[in-house]
Every structure is written in C-alpha cells, then in structure tokens.
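Heads up, the next two complexes both have subunit A, just with different partners, subunit B and then subunit C.
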Partner chain A sequence: MKQPALRHVGDLHQNKLGYLFTAPAFLVLVLMVVYPLIYGIVISFFDTNLVNRFDFVGLKYYKRLIVDETFYASLGRTAIFTIFTVAGRTVLAVLFANLLVMDSMPCKTVFRSILVLPWFFPDVVVGILWRWLYNANYGLFNFILRTIGLADAPIEWLSNSKTAMWAVIMVSIWKGFPFMMVMLLAALQTISKDLYEAAELDGCGVFQRFLHVTLPGIMPVLSTTLMLEIMWCFKHFTLIWNLTKGGPVDATQVVSIDIYNTAFQYTRYGESSTRAVFVFVIIIILTVMQKKMKRKEA
Partner chain B sequence: MKKRLVVLLLSVFLIASVFAGGSKEASAEEGGQTVLTVLTTAVTQEPEGSLAEEYIAEFERLNPDIKIEITGVPMNSALQRITTLAASGSLPDLFVNTENIVGQLADMGICEDLTPYLSEDEINNIVDSVRTGCTIDGQLVMYPWYSGPNALIYRTDWLEELGIEPPQTLDEVVAAAQKLTRDTNGDGMTDTYGFGLIGTNDDSGQTRFVMILRSFGARELYFEDGEWKTEIGTPESVAAFEYFRDLSTKYKVVPPGALENSFNENVNLMAMEQIGMLIAGSNSVGKIFNANPELEGRIGSVEMPSAVTTYTPSSILGWSLNPESEHKDAAIRFVKFMSNKENSLRWVEVTGRMPCMKDAITESDYLSTDLFRGFVAGFENMVQAPNAPFYAEVKTELGKCYQSLIMDPSLDAAAEVAKCAEAVQRIIDNNA
Partner chain C sequence: MGQRRKFPVAGLILVILGCLMVLVPVYWMVITSFKAAPETFRNPPTLWPESFTLDAYRKVIDDYSFGDFFLNSVIVVVGSTLLTILVATMAGFGASRFRFRGKGAFLGFVLVTQMFPSVIMLIPYFRILKLYGLINTHLGLIIVYISFQVPLCTWLMYSYFETIPKDLDAAAAIDGLNNWGIFRKIALPLSLPGIASTSIYAFINSWNEFQFAMTLTTTEDMKTVSVGIGQMIDDTMINWNDMMAASILASIPLILVFIFCQNLFFEGLTAGGVKQ
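For the complex of A and B:
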C-alpha cells in the first residue's frame, strides 16, 4: 500500500525538477505573450494615449466597431488578400514542388536554391524592390511594356484601385510561396514510389496519380501549412505597408493597416486594441478549426 | 545539489539575459559626464546628418561635461517612436517635435514648458509666427531649430526660355504648367511635366492639398466658439478638390503615378529635370542640389500662389524637453547651441532649412537670394495649423477624397466632397 505513496513522492520530486526547468520558458512566455495580450484586451476598454490618459469607456469602442462599415470593408479586403494570396502560393508551391521531386529534373539543387530566394529577403526589401518595379515613371514593368509596344501610356499599378490589390497580392505570392514549396517538397519525398508504380499499373494517368496518390500523401502537411498561411496572411502588414500604405484611397487597407493607423497615426490606442481583439478572435477560431482538422486526420 | 545549483544559475542567467540591454534612452552619468539622450530625425537624412553630427561634436568639445547620446528616427515614424518610448517610460531627455505632431505630444503631457528656462530676450528672439506655432495653451512646448515653409519652387531657366513670369495665382500655375509640359525630343512622349503633384495620402500630400484648399478660402478644421468646425463641403472646398484633380486628369501636367509619388519621388523628379514646378519646403532645394548640383542657380521660389487668398502652414521642427529629464540645464544648453546664429546661418546654406531666430534671419545674405524669395515671404506669413489631436485623421479623410477624384475623374466632385465632409464631421463629433 505504501508503494504508490512513495511513487507519488518520487513523482513530485521529478515534477519539481521539471517545473524548475520549464520555469524560465514559462516566465518568458507570460511576460512576452500573455501579459501584452491581456494588456491589449484591457486597454480596449479605455480611451487612452498610453501615457497620461486612461479613461474607462466600457464597451463604447466595441459598440462603435460593430456598426463601423469601414472596418467591415477592411475585413473584406483582408479576406480577398488572404484567399488569393494563399491560393496563388498553393498553386505555385504544388507546381514547383512536384517539378523538383521529379527524378528527370536536371540541376535540382540550383533550381531549389533559386526558388527559395524570395523567402530569404526581408519584407521591407521586397516591398521597396517591387515598388520600384511597379513605378509608373521609371519602373521596369512599364519600361518593358512600353518598349515592346504593349502599352501606350504608363500603367499606374499601385495608383489605381482596380490594380493595386492585385499588384500587392502578386508580390505577396512571390514572397511567400517558397515556404510552402519547401514544406510540400519534404512531404512529397515521403511518398513511396511503389504507390505511383501501382497506380500506373492500374492505368492511372498523370492527373489521377496526382489526385489519388500525391494529394492524399501531402494532405497532412498541406492542411497545416494552409492554415498557417491563412493566419499569417490575415494579419499581414509589412509588405502591404511598404507597397501602398493601404492606398490608393483605401483599396489595399487591410485590417492590420487599419489597426496600425488607428493606433500610431491617430493615437487612438483603445479603439485600435478593440479592432485587434476582433482579429484575435478570428485567429483563435481559425486555430481551433486547424486543431480539429488535425485531430480528424489523426 | 550541484545540478540544482547549476540549473538555478542557468535559469537566473537566462532570465537576466532576456532583460539585458536596459534602457538605452535612460539618462545617466558616465565618468563624471552628463549623458544627454537625444532623439532626432536630422541624423537619418542628408545633407542634414553630416552637419548635425559636426555640430554635436563641436558642442561636446565646448562642453566637456556633457556627452550627447543620439538616437536617429525617420521623420515619418517619429510620432510612433516617441509615443512608444513615453509609454514605456524610456523617453530621452530631448526629442524631436514638429508642428504636425506637437498637438498630440503636448496632449500626452510629455513636453515641458520651456519658458522658465529662457530669458525674455531669448524668447523674443524667436520669430513671432514660429513662437506661436511652438506654443500650446500659453506654454512654449517646443524650442524651434529650423523651419521649412512651403512655397512654389520653379525652374527659372525653363520659365525664362518660355517667357513665363513666375505664377502668382493658381490659374497662372495651370497656364505655366501646360507650357512646361513638353515633348522635348520629338518622340511623341512627354519628357518634362509642368507640375509635380504630391498625390499620396500622407502628410506631404495632405499638406499640399490643404494649402490649395485654404487658398480657395475653405478651412479643413478650425476652432471657433469653443468647438472644432470644418468648411469641407462648401463650394470653395469643392473648387479646391476639383483644382487638385484637374491638374492630373484634365490638364495632364503632372507625371504619371501622381497617387504614388510622394515628396521624395517628386524631389527626385525635379532633380532629374522632369518637372518644372513643385510646392515644396525650403529644405527640398538642399536635397535637389545634393542630387543634382548642376541645378544650382536654376531654381527660384515664389510664395504659394493664391486663388482668393494665400496660405502657408507653419512648418517648424524643434526640440521638446522630457519633463522627467534629470539634465534639463544641459538640454537647454544643447538646444540653444544648435539654434545659435552661427550654426543657423551655416545650416540654411547647406540644408536649405531656414532659421527660426530673428538675429539669424536678419543677418543671412543667403535668404535674400531669388531662391529664397518665396520661402521668406511664406515664412513671414506662416499660419499655425490646427493643433487638434485628431487633425491627422481629418487630413487622411481629405487625402482619401482627392485620391478618389484623381483615380476616377467621372465622379461627381460635390458628392464626393459631401461624403468627405460627413466623415470629417464624424471625427469631430467622436472627439468632442
């Protein structure tokens, strides 16, 4: 009868050591993640400039946000940006990953290195680089289009509400597809060649082999990567800010830029936090969905 | 036991390393010297940066008891940086301030009233319009360093070549711009444009638009009878929006991509000899000459042309003193040194940024040149911009409106301006 008690004492001893080991990480997590999160939620109930004004306003900003059409519009633009960016990245990633995994593909290492290059560049650099490429006066794209006679006048890619969002999405796809490609490449390499041979013997064509062998094989990685990409794109800021700052008018004003402007341009930190809390809830919902999907797959 | 001790020590070390670094901006004493922490935009740009560093070195030589610790911040992120530092209790002793953000910073209570630290003569030496711009609720919350009033700058050689007088009215600006928009090499494509339109929805674009708006006799925001009001939505304001739009869409006298061409792009276009006129601050000439020295002597300025009146917003950059600073006397010595007559006179010649002190203004030969005629006239008539903490938000709404109209010229200007007026009124109401 005494054995369990002894084991319990032993467990406690072992646990103590475990707690001690995890304490620094836990403390860092609380200070760097939990505290700012709670602080952000708390100030959403205050009219504050974070320095000398902390006026409690209760749910005022939440009530205002619920009827704020501009916020919903920015959420809509965020959805468009996210959907098309993730879709574009997925198509490119699947395509290039499949090419790179082929045995007959020459110079694989060289292509792999070149294809992951955009991923290595910081967002700010990419933003500035593409701004120059898109520039109406001295941009490379306009120069080429005008030289080969495809455009009479310069195209204002970033100054036109009809083209600005697509121009931004294009850059975002270019910048982000390598991550997905690397993940899918790793997944593709785990699929046994026997499965492809068996499928071929059963008379499957290229498309059917992709549909019935490749896709199920990469699905666990693909679903996780997709969910991560959706969450990242939903709160993406740097690239869009460096390309258009949310303009022209508000054609590319996604929710992260809306939050930034409210906080740092207009110094309405409380109201900005309300918006951030709203986005936080959306991200939480997406995370829960991803967890459920993972569990289902398992 | 030893293992536990090692684990404990490692934990302490890890936690300590996370918080290592401390506050760079915190004031300190170092080897008997007072370390004065200063946040400035000057060191992040040229030609200002090199000269500012030279001044700082000279100040340290003359004041061996003071060491200056500089932190650079780009102008467009100054407000964010200062707010963040103030919120975290790490505000430096001195920090950059401008007439655009002084309202917001003073509202935070982080700008010490400088009046008690200055003699009456020193206060009276500040140009009157500048002193007004630095004063909020009777307190001198910013010590001016330099000013960059906006004026219309133009290519003197191009205007002479075409027999055009420097424009005095906004209609004359259009007429001159049309003549200056030319295909100079006969390849069927426009090579030079008459006017550099800053159409971005940032402070540069918004300020230029407000100058035109006020020239038409409409005010975007003003304080009267104890409340903030707007004249957006009036026929005068509609005319101003139409004028701004027509420069790009009707007269086609501005380079392509007006909505993405901000101040820097337009200054580059002027330096590359692609535009003939630009509404710009006096500092822009320093940048233009820096990029293209061949343009020296070929640029002139006139005061902002008028429609019914003329308007030059106050454009001042200065220093504010952290009320929590432990080195206020050293800080005051430093700001006085940076703005003293000798330094101000050299500063204007290198950077084009104008002095804010009467003694330097009256003794500067450089300011009496053709290049500075317009800036000096504007400087004398500078009007303080509204210092409402929500002014930036109001200007953003104006920016959205002029961008909409330029992007789609078929839009009904009166209807768009009415929408803008509603948005501005909503901002005023939300902040009442």
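For the complex of A and C:
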C-alpha cells in the first residue's frame, strides 16, 4: 500500500484510490439495494408462491390494480395520514424551535431535552404506550375527558372507524415532531441577529419578522426536511401496525399495510410487488416535482 | 419594547404545555409499569402506584423470552452498525478526498436509494434469505440492516469529511504519510464526532426496525425486541403493567443515548444538513 504523497498523485491514482475506498459501499448498494429492488420489480410480473411456482402473467396485476378501488382507498388514507402528520409535525416543530431559540427563554436546554424525548422511544413502544393511553375503560385520556366533563361515555378511539385515523395521526405527530424541531433549531441558529434588529427597526412585528426573516432563513432546511418527512410518512408501517393493524375494518389501512397483508396474509406475492412498484413510481414523481419546485425557487 | 417583555410569557406557557404533552404519556408509562396488575384495572385510574412493585418487570423477564429478544437485537444492531460505519466511513472519505470518474454518479446514486420504499424489498429479501438459509439468522437481519443504513450513513460521513479542511492532508503528505496513513492518522481521528453521530443514527434506526424483523424471523428465539414486544401484546395472559415494563426495558438503549450522547448526536446530524 505504498502510495506517493497525495498532492503528487495524478488522475490515475486518484481514480484508483477513489474506487478503492468507495468499492465496499458500491458493492453494498448494488448487491443489497439495487438487486433486491430489480428482483421486486420482476416479481410483480409473476404469479408466484416464491418457492416452486413462477408463472409469468405479464401486466395482468397492473391492469387489475389500476381499476382496484380498495387500493385507491388505501392510497387516499396514506395521503391523509401523510398530509396531516407532516402538517402537525411542522407546526409543532416551527413553533417550538422558534420559542427555544429566543434569547429571553429560560432553561432552554432542559426544555429542549424534554421536547426531543419522544424521538428516543422505539416506534413499537410508542404504539403500545398510546394503545394503553387510548384504552376505553382504563386509559388515561378517557379518564381526563370524563373528569373535565368533555365525555360521559368512554370513547373507543382506536376501534371506532371515525376516530381511528385521527388517533393514529396524533400519535405519529407526537413521535415525529422532535426530529424536525432539531433540524430547524440548527437552521435558526445560523440566522444573523442583525437581520432581526434591522427588521425591528423597520417596524416589523413578531409575525412579520417571522415571515420576512425567519422563514427565508430556514427555508432550505425546511424544504429538505419536509421532503424526507413526506417520504417517510408515505411508507410508514410500524406505528400504525402496532396501534390498529390497519383496522377497524380498514379505516387505517395505508398502502404499506396493504402491501404487507397482500403478501404475507394472502400470500399473493406478485400482486403485492405490483403495489410496491406503484408506490415507488409515486415517490419518484413526488421527488421530481420537488426538485423542479426547488429549481424554480433558486 | 412592551411587546417584547410580554411575549416570552406566552412563549413560556406554550413550551411548558409542549413539555407536558411529552411528559404525561411517559409518566403514565413509568407509573403503570410499577403497579400491580389489579391496580391497572381500576376506574378511575390511580395517578400514583398504591404499592410499588417490580412484578411486571419480573414477569416479562421470567415468563417471556425478553432476554433472548434483547440479546438478538443487540447482536443484530451492533453487528450491522459496525459494518455500516466501516463501509460508510471509507466511502465518505474516498468521495470527499479523491477525484475519480463516476464520483458524481456515485453520490447521486447514494441519495437516490433514499427514495426506494423499503417495502418493495421485503418480498425479494424474504425470498433471497430463504434461498440461502438465512431466514431466522442474525446474519440475515444484519445484511438487511446494512442495506438500509449504508446509503444515508455514507452521505452523512461524506458531508462530515467535507467540513474537515483538506490542507491537513497535504501537510501530512509532506510529512511523508501515505494515503492509508492520512486516512488512519489524520482523517479518522478528526472525523470521530461525525463517526459517533452517524453510528448513533444507524443504531437508533436499526433498534427501531420492525417490519423486516417481523417478516424475516419466524421462530420465538430469533425475534428482536421490537418484534417480541409487538407480539407480546396479543397474548391474553399479559397485562398493561407488564407491557409498560417491557416497553421501558426495550427503550433502555435509546434512553442511554438520550442521556449520554444527545448533544454529540444532534450536532453531527445537523452539521451536514444545515450547510447545504
């Protein structure tokens, strides 16, 4: 491994060394990410039990899927889950990040530590904990509601198809807002204090300062984080599975649960892959749209 | 000026409300875990355990294979995190320090893999691991977790190496260090905070993972903590105090991270993000 000193190295060496250091990562990406991905796309054209039956069916599952109303229903539920979760997280994250960055706020580090806490519990734990909080007979929330007189009969948050999705979204907001808050806190600290002072001299109120100084300052980080959040929520599985398993009936059945059940409850692997490919395409479209919007901003 | 003095009060109230929103569920989890089973079926509920008991913890550890679950998680998560960090650190260094053909494509590729919905790989992995006899093995899950973590960790490490000035490399080269030496003696020590926060990130994500572990392990003795407690709740013999005790035990590694490495973690995580 005797190599000449770095600054004397020609392009050839640069090439070699670059490949040498990135080779393991490249292999992982190709063998363990790209290969399964292509495999998944291939399976979507087969009727298979994954053991000995591989019958090529062409576009049959795709044709079936695009007229499948239950699939569109779960796409719609995924959209509702994603939109309200991300919106809720954003509101809380922007609010608390801005409050924690204020000079006059006491005990900042203590408050920050408390507010990030939900992020440090595993998804499964959060799901189980909230099932207990929502419990109709012995749960804390129904007790609180009855005590302050907001409800006379216990509310079955998770087993009522009208409330289940909203109950799930609440949990998802609670669990996820800290990540965005931390990203925004870091972004807010890069905004120069002079800008705020200048805005104040110009007679801007709190709201206007937020609109003209804060928002442009955090926009790059906010838009990247939003995009990540949207993608994460769109494919989210664990919280919902542990809260409701997609029920009651299918009130909280989002696409990730739909895909999972199609494969591992009904052993229709080909059809399940078709759904996964469909979601993949949607995510690609969303990403391309976001890139275009970003370019327009710049 | 009057507005300035008034505002923090409203802000402080909001922050305190936010903290309550976080702490009340956590408090409920902790006190439930110390209650005896009959007390959890009290209506109205007791807001402080009448008699502290560790019964729930004992039951979870003795009557359920919680110890196995925990050990499986530790093996899989530590194994995959170590391998991921090795691969990601090398790649991050290589991409940050050398000009080579296809570097842009490589970095772009790393980012694009973030878009892949992981469910699309669930069936392929199920089939591939079955084919090679890796279902119900630690190695199988380690392989899967590496594939999740390498892309983003490579990106985080690349961003971190980019923040370390390259003049140092040149100075070390003049002192006669070769490239491997520069990597090992200069870049690696300087990037330790980045490595630490990237490791923590991979650790948290793998500890959290549920869907793949649930699908790719079928026997009781190979389940990870997430899967194990996710299924304990379906047992009719289990009570809420037991579930809360299991939940707290399952959270211990992440709570330790929270207590000891919170600042380090967040600084490393936001260093690359804020720069762009």
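Here, the second predicted complex is superposed on the first by the 275 of 298 C-alpha atoms of A that agree within 3 Å, B and C clash if a C-alpha of one lies under 4 Å from a C-alpha of the other, contacts with A are read in each partner's own complex, and residues count from 1 in each chain.
Throughout what follows, contacts are C-beta pairs under 8 Å (C-beta built on N, C-alpha and C of every residue); 3 or more make two chains touch, one makes a residue touch a chain.
In this text, all values refer to a predicted model and were calculated from it rather than measured experimentally.
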| task | Could you classify subunit B and subunit C on subunit A, in the superposed arrangement, as clash or fit? | result | clash
| message | Is A:261 touching anything from subunit B or subunit C once the two structures are fitted on A? First, second, both or neither. | response | first
| request: Name the chain, either subunit B or subunit C, that contacts more residues of subunit A. | output: C
| message | Output check: A:196 vs subunit B and subunit C. Expected answer is one of first, second, both, neither. What do you get? | response | neither
| said: Going by the contact rule set out at the top, does A:210 touch subunit B (first), subunit C (second), both, or neither? | reply: neither
| field | Partner chain(s) touched by A:137 [first = subunit B, second = subunit C, both, neither] | value | both
| task | Tell me which partner A:247 touches in the superposition: subunit B (first), subunit C (second), both or neither. | result | first
| Counting only touches as set out at the top, which of subunit B and subunit C does A:161 meet: first, second, both, neither? | first
| request: State whether A:49 touches subunit B only (first), subunit C only (second), both chains, or neither. | output: first
| said: Under the stated touch criterion, which partner chain does A:62 make contact with: subunit B (first), subunit C (second), both, or neither? | reply: neither
| Clash with subunit C: which of subunit B's stretches 9-17, 81-89 or 189-197? | 81-89
| Which subunit A residues are contacted by subunit C in one complex and by subunit B in the other? | 17, 20-21, 24, 28, 50, 131, 135, 137, 264
| Where on subunit C is subunit A touching in the complex? | 3-4, 7-8, 11-12, 14-15, 18-19, 21-26, 28-29, 32, 40-45, 86-88, 90-91, 93-95, 97-101, 103, 106, 109-110, 113-128, 130, 143-144, 146-147, 150-151, 154, 169-170, 173-174, 176-180, 182-183, 204, 207-208, 210-211, 215, 225-226, 229-230, 233, 240, 243-244, 247, 250-251, 254-255, 257-258, 262, 266, 269-270, 273-274, 276
| remark: Interface with subunit B, subunit A side, in the complex: residues 17, 20-21, 23-24, 27-28, 31, 49-53, 131, 135-137, 153-154, 156, 158-161, 244-245, 247-250, 261, 264-267
| Mind pulling up the subunit B residues that touch subunit A in the complex? | 4, 7-8, 10-11, 14-15, 18, 79-80, 83, 86-87, 104, 107-110, 199-202, 255-261, 265, 269, 274, 389-390, 392-393, 396, 400, 403-404, 407
| task | In the complex, go through subunit A and note every residue touching subunit C. | result | 1-9, 11, 14-22, 24-26, 28-29, 32-33, 35-37, 39-41, 43, 50, 92, 95-96, 99-100, 102, 104-106, 111, 113-118, 120-125, 127-133, 135, 137-140, 143, 146-147, 174, 182-183, 185-187, 190, 205-206, 220-221, 224-225, 228, 231, 234-235, 237-238, 241-242, 256, 259-260, 263-264, 269, 272-273, 276-277, 279-280, 283-284, 287
